[in-house]
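Okay, so chain A shows up in both of these, paired with chain B first and chain C after.
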Partner chain A sequence: MKHVFVFDQDKCSACSACMMGCMDQNDIDLAAGDQCFRKTYDNEIALADGSTYCAYISAACMHCTDAPCIAACPVGCLSKDPETGFTVYDNTNCIGCKSCAMACPFGAPRYRASDGKMVKCDGCNERVKNGLKPACVCACSFGALTCVTEEEYKASGSNKACSALIDQLGLKKK
Partner chain B sequence: MTELEKKIKAKIPGEDTGIEVRHSLCAICSPGIHCGVDCYVKDGKIIRVEGTPDHPLNRGKLCTKGSSLRNYVYREDRIKTPLKRVGERGEGKFEPITWDEAYQIIAENLNKVKEQYSAHAVAFFSGYCKWYRPILHRFAHVFGSVNFGTDDSTCFASMYIADKVTAGTGGGPDMGHANTFLGWNYEGYYSNHLSVAGVQKLKERGGKVIIIDIRDTPATKNLADIFLKINPGTDGALALGMAKLIIDNGWADMDYVEKYTYGFEQYRELVQQYPLDKVAEITGLNPDDIYEATKLYATNGPACTNFSASALVHHINGFNSHRAILCLTALTGNFDREGGNVPNPPSYIHKRAGFRSREEEFRSNRYPGGQRRIGAERFPLWEAQNDEFQAMDLLRQIEEQKPYPVKAVVGLGMNAKMFPETDKLLAAMTKNLDFFVNIDLFMTMTCKYADIVLPACSSVERGELKAYEGGYLAFTKPVIEPLYESKSDVDILCELARVMDLDDDLLKQGYEASADWMIDGCGLTVAELKKTGQPMKVPTAKWPAKPGKLLENGFKTPSGKFEFYSNAIAAIDPKFGLDPLPSYRDPLADQNDPETREKYPFYLCTGARLPHAIHSRVHDTPWLRSIRPNPTVEVHTADAARLGLQNGDKVALSSPYGEIRMLVKITGKAKEGVLMTLHGYTEANVNELIGRNHLDPYSGFPGFKGMRCNIRKVQED
Partner chain C sequence: MNKIAIVGFGGAGYNAAKEARSVDPEAIIDVYSDTNIGPYNPMLTTYYVKGAIPYEALFPFGPLEEIAKELNLHFHGNQPVTGLEPSEKALIFADGSRKQYDNILISTGASAVMPPIPGLDLPGVFKMRTAADAVALKKMLEAGKVGSCLVIGASWVGIKVVEDMVAYRVPCTLVDGAKWMFYVAAFEKTAKRAQQDLEAKGVPVYCEQMLDHIEREENGQLTAVMQNGRRFSADTVAVCIGVRMNVGFLKGSGIEMNRGVLVDKTMRTNYEGIYAAGDCCEALDIQSGTHRNIGVWFNANKQGQVAGANMAGRHMEFDANVLVNLAHYLDYDFISIGDISACKPEDEVYEYEDHKYYIRAVKNSEGIKCINMIGSAGSNGVVKNAFIKAIESKHAGLDIKTICFLREKGFPDSFIDYLGGTSID
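On to the complex of A and B.
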């Protein structure tokens, strides 16, 4: 069953629990220079009216349907898992050229200095196949980060559109 | 890679992978929380941690800190063996010794101090951890010392005493039945992550949320219908101003006030001094916003209020600010009412679980008397209302050795960085103590001053009695063996009690016997609890707490009512100047002379929570430290522009008491003129800037969140 990561920024606080879950699952060794596959952002954006918008965001590989990293890899490390739909990899043949990271609009693949190979979020592919949630989703207490099946995503997507459009009408609700 | 290898790499539990899921709890943060954790264990090592899905408290959820529990447990600075100091105090030179040697040295030295001075010359002090406190408390008393003290001298107890002298007890927000949530200092995303879902649910059913805070936060963005961004330390004035609005507009519940409260006339006179324009001026808020928030709170009831154990009471006016807010709950008829704030006494170590234990009796029935506790002469309200010493007087007493000498300290997780003017305390301890033993997980700055250091184990390496909301009790099972030679704190204390042959069979029988004594009559025993290790329903527990008991049977105060005018405070010698009414004074009242104002124009607020830190406990946990690697001061955009500061610049923060270096982070989240930092960094310990006498006279709490300071750019490294 294909899976989709959904991020709701109205529930996020950039608390970074998702990063802790990711580092725990993937044994990220910061002392060796490893980087977490997921990253949170706590950004303040100055608006035209003089006010500030606080953006709380969590981002990792988006597992794009048409993932540009796959085509960019000269040695064919990256692929789509037909079962989960996640963008997975086997970096045995990786030459550390970073083409995947450059092709990625989100810069998701990371270069791991300790072995000179690229690594990235694989959606916790094996966990999901075994009926578990991805580690970052598991660590999110606020429902900001979820991982749903494609069917669930389609259903929720239409609801979201409806609420967004109603909100735009600016009705004074009871 | 074979399928099995893939599963092992992905840490999938199962017989084939040899990965077992074992249950424990995370004790990084406050005992009011302590989420259940699932530890994935392979070959005796934890390889992953998740929240326990069916745990009655957290239902699988973990916060940022709990999610890094594995990184915390396996930190490189864990103490591995008992250690004996071989260098100078503070130098950090130790040699390993055996447990037997350590116990002998401790016993000898404590008995020596007892003989030469008195048992009271030994102060027993606990840092942030709470779980072993009944054992330590009793140990101190059985040894013969009245001096048991804890980090409660700067956390929680101010609120506890303020509640007690006003209403006999505090009351938690009944979020499930409220129409309005007054989130005073509420930031559930950063601390108490489990509370956010309750606020979200309230909003989903049409409830309203007011948040009062000094900075923009995820809670103000995601949850607040009205956000009052208040000048720090002025919350008391706002609460008094709200009370005036409520009374003047006829929004008060006068039936409740007449039936259940005491001292309303004096209170009404006090709040008349806080008209809207004056309150707006003090708090830096728009009068219309104050009016709208007050109207919503008072007329869209029932309304419940968030109270915090540290945010507010870390001001020198914090005790009364807390009382002023608490008084609003009675003025609007929301105290001890459904959907308001409902009293629910703790069952065991701060946890409300609907049953009674004998914890208090266990702690206090061997109280030796014969001397007044440390701090008793300076903080009479504390001394009258709390059964431990006020440690904010420890430095003075160790320095002056008056009214009687303090010559030894037994510390469990004692952390000198908690104390204002930390270095002065360490210097006094170095100079005047005959003996100092500290027990900790990690080789902390404070441990380096100890004569003997003992390695404690973490929550996942021990069994622990723990009560939970919903009427639950658990006795956890260790998920791994204690690392290195570490031991559970309570086993250390009970073994020491045996070596010293203290006159107490309970302590000498050990932790489990003591725990059984404390929970006797609840309907469960330690042996039964140990079978599962998971929370079990306590047969005698009554849950949830029913509101209205105090209204029916009377409040536990001298008048039997909710006291706007506190009789307990009125009973304190007037020479201390404590006001029985929740009057307001400036949060910098002791630093407002023209010279200090000019030299230290900034308002320093330390310790406002961020999700990746809690005190100094996790600053050295690599995953968490990576979120904000350097000690950082948050500077307002306008101040930064004026001072020519850029993100990442090195600055000196100074007060009349000290100076530290931090890096700049520019933000618009707090107000102009306010500097915000985390506390607890060894290399940039902001408590060096807080004066030792910058204290709330009611509680003795330091003004950690309100202190004058200055900032300047520095070039050198």
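On to the complex of A and C.
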């Protein structure tokens, strides 16, 4: 059953609780130079009409249906979990070449300097497989970030909200 | 029943077989290879040499026997195809026999160039492309038989051989015939910086050195003698001066070629039912609108997938092909995005440098032509995507997330402006 992350930026305040949840779940050691898989952005962006747009965004791997990082990895570390649809990885043979980062249009793969390997958001695959929500979703107090099955997503009519987000982010619709 | 032949079994061939099988479970898929080993990734050879991965990891899709069984392939190892009759969709073999198919994929890859220069056949002179090349070099290095190495060719492979030598603490010198390193992708200023940084790591670099011949000294060392008379001596010499596409067997067949086989977006050649993918083909480059070989692993895999789908009857296209060169070596990252040869002296140059990044880019009124970046590995995909989007839709600008991402990564607003602007509609 494929899962999708749904982000409603109208509910997001960029409080970064999702980042904290991610760091806790994945033992991200910022002091050692690790980078969190999920990032929040609180940015003022100038609009063409002269006004300012306050962008509150929470972003991590988009778990693309046809994920380019999978084809780009020279050692075959990345794959799709057939059960959850998340883009997962086994970095045992990762050579740290950063080809996945070059393929990803969202900058999702992170290089972990401590062992020279790439890591990324796997959608909290094991949690989801065991009926739990991803850590970032659990941490979001405002309901801005949710994770639902594709069926739930379609039934909820969220595809309209998602389309709006895709339009706003300037992403290509498939 | 659809009869498919795949000639050459690397990343492109494997992905074609996989996709064709998923679309058409009944198809007969014959695979021809001039070796008897499974699909491996040439890019991994130097990583195997320095011990970053075990031998099995050279084969990212698993053992050949398992692949053949899982995908129900008829694998014909050590059976090179010597000719093609495209109008008949027939393959010709060394013994003169021929076999007809409904669809044929040419995925024969490329080989390391070893030009007919005297001395290149001397023991101790080696190339780096195949799994066998990697095994031989690793054996030599582990035996402690290499006291010094001369790497000829500041290519993407050459720089990785340098990295291997540094990993084994073997003194190494890098020479190149071009005016500066990474000549086909780097601006002069970028290259000089990369050279300086490499030399700071203990690797001397000499450019504008064209090889004349290699000779054996009385003390057993090899000496590469340059056309300008300069001599470089070492225990071993790595020749890494580029690759040649394996398309010789197609000469005179009627298949349209430049250096490689020309294909459209479906990876089809000028003949119906004949496809090509991977390092042996030239697909459409969206920046120049012409055919180009962009020999990266991602392209080989995707092109193979596209060809496999189309051979099995499901329409698929390969798109967004732009020139990209990525070099990651000795904890150093350099990327070039776009066509450096399209840059003109009158074009607008952008240059930026801080403790983290070096960026140099060129554009004119038509858009960005080429971007060089050092130290930006984690953001390369985002910048490449912005570059592609600017080609596809000239006035699209950047999206909010890209702006936020680049700012958070420490890129200056001047570069974000250069890419498409910090201001959105």
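Heads up, the rule we're going with is that the second predicted complex is superposed on the first by the 157 of 174 C-alpha atoms of A that agree within 3 Å, B and C clash if a C-alpha of one lies under 4 Å from a C-alpha of the other, contacts with A are read in each partner's own complex, and residues count from 1 in each chain.
Heads up, the rule we're going with is that a contact is a pair of C-beta atoms (placed from the backbone, for glycine too) under 8 Å apart; a residue touches a chain by one contact, two chains touch by 3 or more.
These numbers were taken from a predicted model, which means no experiment stands behind them.
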| item | value |
| --- | --- |
| Chain B versus chain C as contact partner of A:Gln25, first or second or both or neither | first |
| Contacts of A:Gly96 with chain B and chain C, given as first, second, both or neither | second |
| On chain A, the residue positions that both chain B and chain C contact, one per complex | 46 |
| Chain B to chain A touching residues, read off their complex | 6-7, 9-12, 48-51, 60-64, 66-68, 70-71, 189-190, 193-194, 196, 216-219, 221-222, 611-612, 622-624, 626-627, 667-669 |
| Residues of chain A touching chain B in the complex | 10-17, 19-21, 23-25, 28, 30-31, 36, 40, 44, 46, 52, 54, 56, 124-127, 130, 132, 135, 138-139, 141-142 |
| Complex contact set, residues of chain C against chain A | 15, 41, 43-44, 47, 52-54, 57, 60-61, 296-298, 301-302, 305, 324, 326, 328, 333, 335, 377-382, 384-385, 389, 396-405, 407-409, 422-425 |
| Residues of chain A that touch chain C when the two form their complex | 35, 39, 41, 43, 45-48, 53, 55, 57, 59, 68, 71-76, 93, 95-99, 101-107, 109-111, 168-171 |
